[in-house]
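Chain IDs A, B and C follow the sequence of writing; residue 1 opens each chain.
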Amino acid sequence: MTPVLRTSGLGKHFGGIRAVSGVSLALARGARHAIIGPNGAGKTTLINLLTGMASPSEGDVYLDEVRVTRLRADQRVKRGLARTFQINNLFPDLTVLQSVLLAVCEQRGVAAEPWRPLRSYSEEIAAARAVLRLLHLDAAEDTVVRQLPYGDQRLVEIALALACKPRVLLLDEPAAGVPKGQSQALFRAIAGLPEEVSVLFVEHDMDIVFRFARRITVLVSGSILTEGAAEDIANDPMVKQVYLGNRR
Amino acid sequence: MNSARASTRARPLPWQEALFWSLLVGGFWLWPKHLALASQVLISALFALSYDLILGYAGILSLGHAAYFGLGAYSAGLLATHGWGEPLLGLLTGGCCAGLAGLLTSLLVVRGQDLTRLMVTTAIGLLLFELANRLSSVTGGVDGLLGVEIAPLLGVFRFDIYGRTAYGYCLLVTFVVFLGVRRMVHSPFGWGLRGIRDNTGRMLALGYPVHRRLVALYTASAAIAGIAGALLTQITQFVSIDVFSFNRSAEVVVMLIVGGAGVLYGGLVGAAVFTLAYHYLSGWNPLYWQFWLGAFLIAIVLLGGGGVLGAYQRVSHLLRRRLERTAQA
Amino acid sequence: MISSLIGVVFDGLAYGMLLFLISVGLSITLGLMNFVNLAHGAFGMLGGYVCAVATTHWNVPFLAALPLAFAAAALTGVLLERVLFRRLYRGSPLDQVLLTIGLTFMAIAVATYLFGSQQQALHLPRYLSGQFSVYRVDLNIYRVFLLAVGLVLTVALTLVVDRTRFGAAVRAAVDNPRVAEALGIRVALVFQIAFAAGCGLAGLGGALGVEVLGLDPVFPLKYLVYFLLVVAVGGTGTLKGPLYAALLLGVADVAGKYYVPQAGAFIIYAVMLILLIIRPQGLVSRS
């Protein structure tokens, strides 16, 4: 089975700093793959490289074995790659439904139509509502994003990415900043992600990692330390030393 | 303090809109001696509307929008001096020429940061002014084109000295364009623009080809500015390189801020307030005008955004809350 | 041919140096506080008028009037910063543009009221007027003086920025204000001083420039484009960037007007437009 997302020797340097170097990883179809590593390991830079928000100093990114290294961020989204942001990157003055509608309209190719009012696009509105239902956000559809609790805003992040109908979903620390009390909804959301979507997520929160990841890649100082099935990584003494400390 | 932030709740109620346009139509009877001035207001309003598209909806701050106004004005003017005086043809040509220029220049303008864009647009405006100045054999320079003769509208309505035909013409064109822009603003395209203005990065991450959309918007804005310019030439039967001036570019910014950016009617209201104020106040003493205009701008910024319409909204919001409170008491 | 070329380049460099002196304050304001100050030219105008009034009415010698111009502009800058500008640092660029344009309009109106709308004449001391010849090239003495003063000031500025603690504080604050604050650097104070210095330099540049750029009430708007171009092309955050941009702009403008007078200011706008397109981040950018 060809990997749905693959990198070969991906690297990014800023002057003398090597944020990411020699990263070759492969994401299988339908995977639940976590990337963990200490702070500053280059995880977010890696996500930026994968999505096209940063251009690599070396190496390539392949989506379904098609080289996408030179493609812009929006072009990669059109090829099925969507992401969420570590810090909420939303539209504070739009409602939840309006925000997701933006994504849905673009995905369905009607976003450039300048003539009919948005409210007449019933199919797109229905599709947007479906995404919200999946994430149990439908009750909040008319709430302005700025007024949502932080945990719900994190869910809107995921909703926006899902509305792009991605084949590969990159989650950048989905639990970041979410108070413990609101994390249930987040767990439910991640568990409810469609099986056919391949998920690559960066996370610090080990609860989430061990709850959802089937494969784990450990990134340290921009390079891959080791990689394998979740249970193996959990028991790997080297990883424990570098990162997990004395847990588990 | 965000004078450019469009309030998504700022939709005027249908009765307010009907009243507004009825008032304008009633201008034939309400201000029959000032139809020429009223036409000027409408033209400025159209220009301000075109500017609102790029500033209020796409967040592009430009100090060179007069470039497109001027191109439209001169297209209509040159067409007329060469024998094609039919107004609608001139209007169409003006819009197309300006739109084409907008398309070409948009590729320069939509990339880059705020300051770069400001500089690029200012440079484009100044460049066109200089160009028009140097080509004074074609443009007539500061003295303007001679022999701009405009044929009767649709072959029937002669442009009379009272300015009645001109006023009706301007009103019709403004209304039609306004309707078109309004539809666009509420369409998926318009909403996408709002998203781009509020969070460009996120739109890219959603797959929006942001630059392409901005190019389309900028082109439309330039075309409308061109139409406004063509109107000016046609109703005054005159055009000089003044139409490209930096002052004109700067004025439209002020008009939009005075009225409120991003709320469509803002440009119309701002243009009215500004043009009327200028007409009546600058007569006294140009120094006073400049000084108080400056003070006014500072006051507007310090007192919070939204311009006249924003203020109107805040007042009506306050009144509504007070009514609710007394009803509850 | 060559001598006129040298003359043109020399003139252009002097002119560019003048533009740099006036614009460096704008670069500081933009780089340090992200504040678009379109009224910057007004400080130049203030310095120019102070110098003119001092030399013609109070019989202050020219060289002594220059520091006066600096001081007047710097003090006005401090005042305006405390009263007005400070409130807008977190505001949108549009608000800043509007406020500063409003201020410019007011300044122009006041200047017209006080001094009339004609060009202000300045009586240069005799030792600064005239020309002298070097290898069959006629060099204007005042231009030489400008270049010399400009070089001295540029070197002084560079020394302050690179070698003093204050300079280090400025650099840190430009780079990352939050961290600088956390390290104990009082960013607001650093900025005030830097801003005052920038305004003072603008005033000095305005005074020095009366002879070259002219001085009338519309000075702030007339040359605004040039100042903005220097900053946009030169980038903010370095001294070298605006310096190169200003010199380039000066030479291009003088050369354009000399060799292709029919094109007028067209050339300068075209050159700058091209530069902005090729390098939107400025000539010397900090990566």
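One rule holds for everything that comes next: a contact is a pair of C-beta atoms (placed from the backbone, for glycine too) under 8 Å apart; a residue touches a chain by one contact, two chains touch by 3 or more.
Because the structure is a prediction, the values reported are computed rather than measured.
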item: Arrangement of touching chains [line / ring / star / complete / other]; value: line
item: Per-chain Cα centre nearest the global Cα centre, belonging to chain; value: B
item: Interface ranked first by C-beta contact pairs; value: B-C
item: Chain centre separation in whole Å, for subunit B relative to subunit A (CA means); value: 42
item: Centroid spacing, where centroids are CA-atom means, of subunit B and subunit C in whole angstrom; value: 33
item: Computed distance of Cα centres, subunit C from subunit A, in Å; value: 48
item: Multi-partner residues of subunit B (each touching 2 or more other chains); value: 5
item: Subunit B-facing residues of subunit A, complex; value: 51, 53, 72-74, 77-78, 82-83, 85, 89-94, 98, 101-103, 105-107, 110-118, 121, 124, 160-161, 163-164
item: Touching residues (chain side subunit B, partner subunit C) in the complex; value: 1-5, 55, 61, 108, 111-116, 118-120, 122-124, 126-127, 130-131, 133-134, 246, 250, 253-254, 257, 261, 287-288, 290-291, 293-298, 300-302, 305
item: In the complex, subunit C residues that touch subunit B; value: 30, 36, 84, 87-88, 91-95, 97-99, 101-110, 112-113, 221, 225, 228-229, 231-232, 262-266, 269-270, 272-273, 276-277, 280
item: Subunit B residues touching subunit A - in the complex, by the definition given at the top; value: 5, 8, 183-184, 186-192, 194-195, 198-199, 201-210, 213, 216
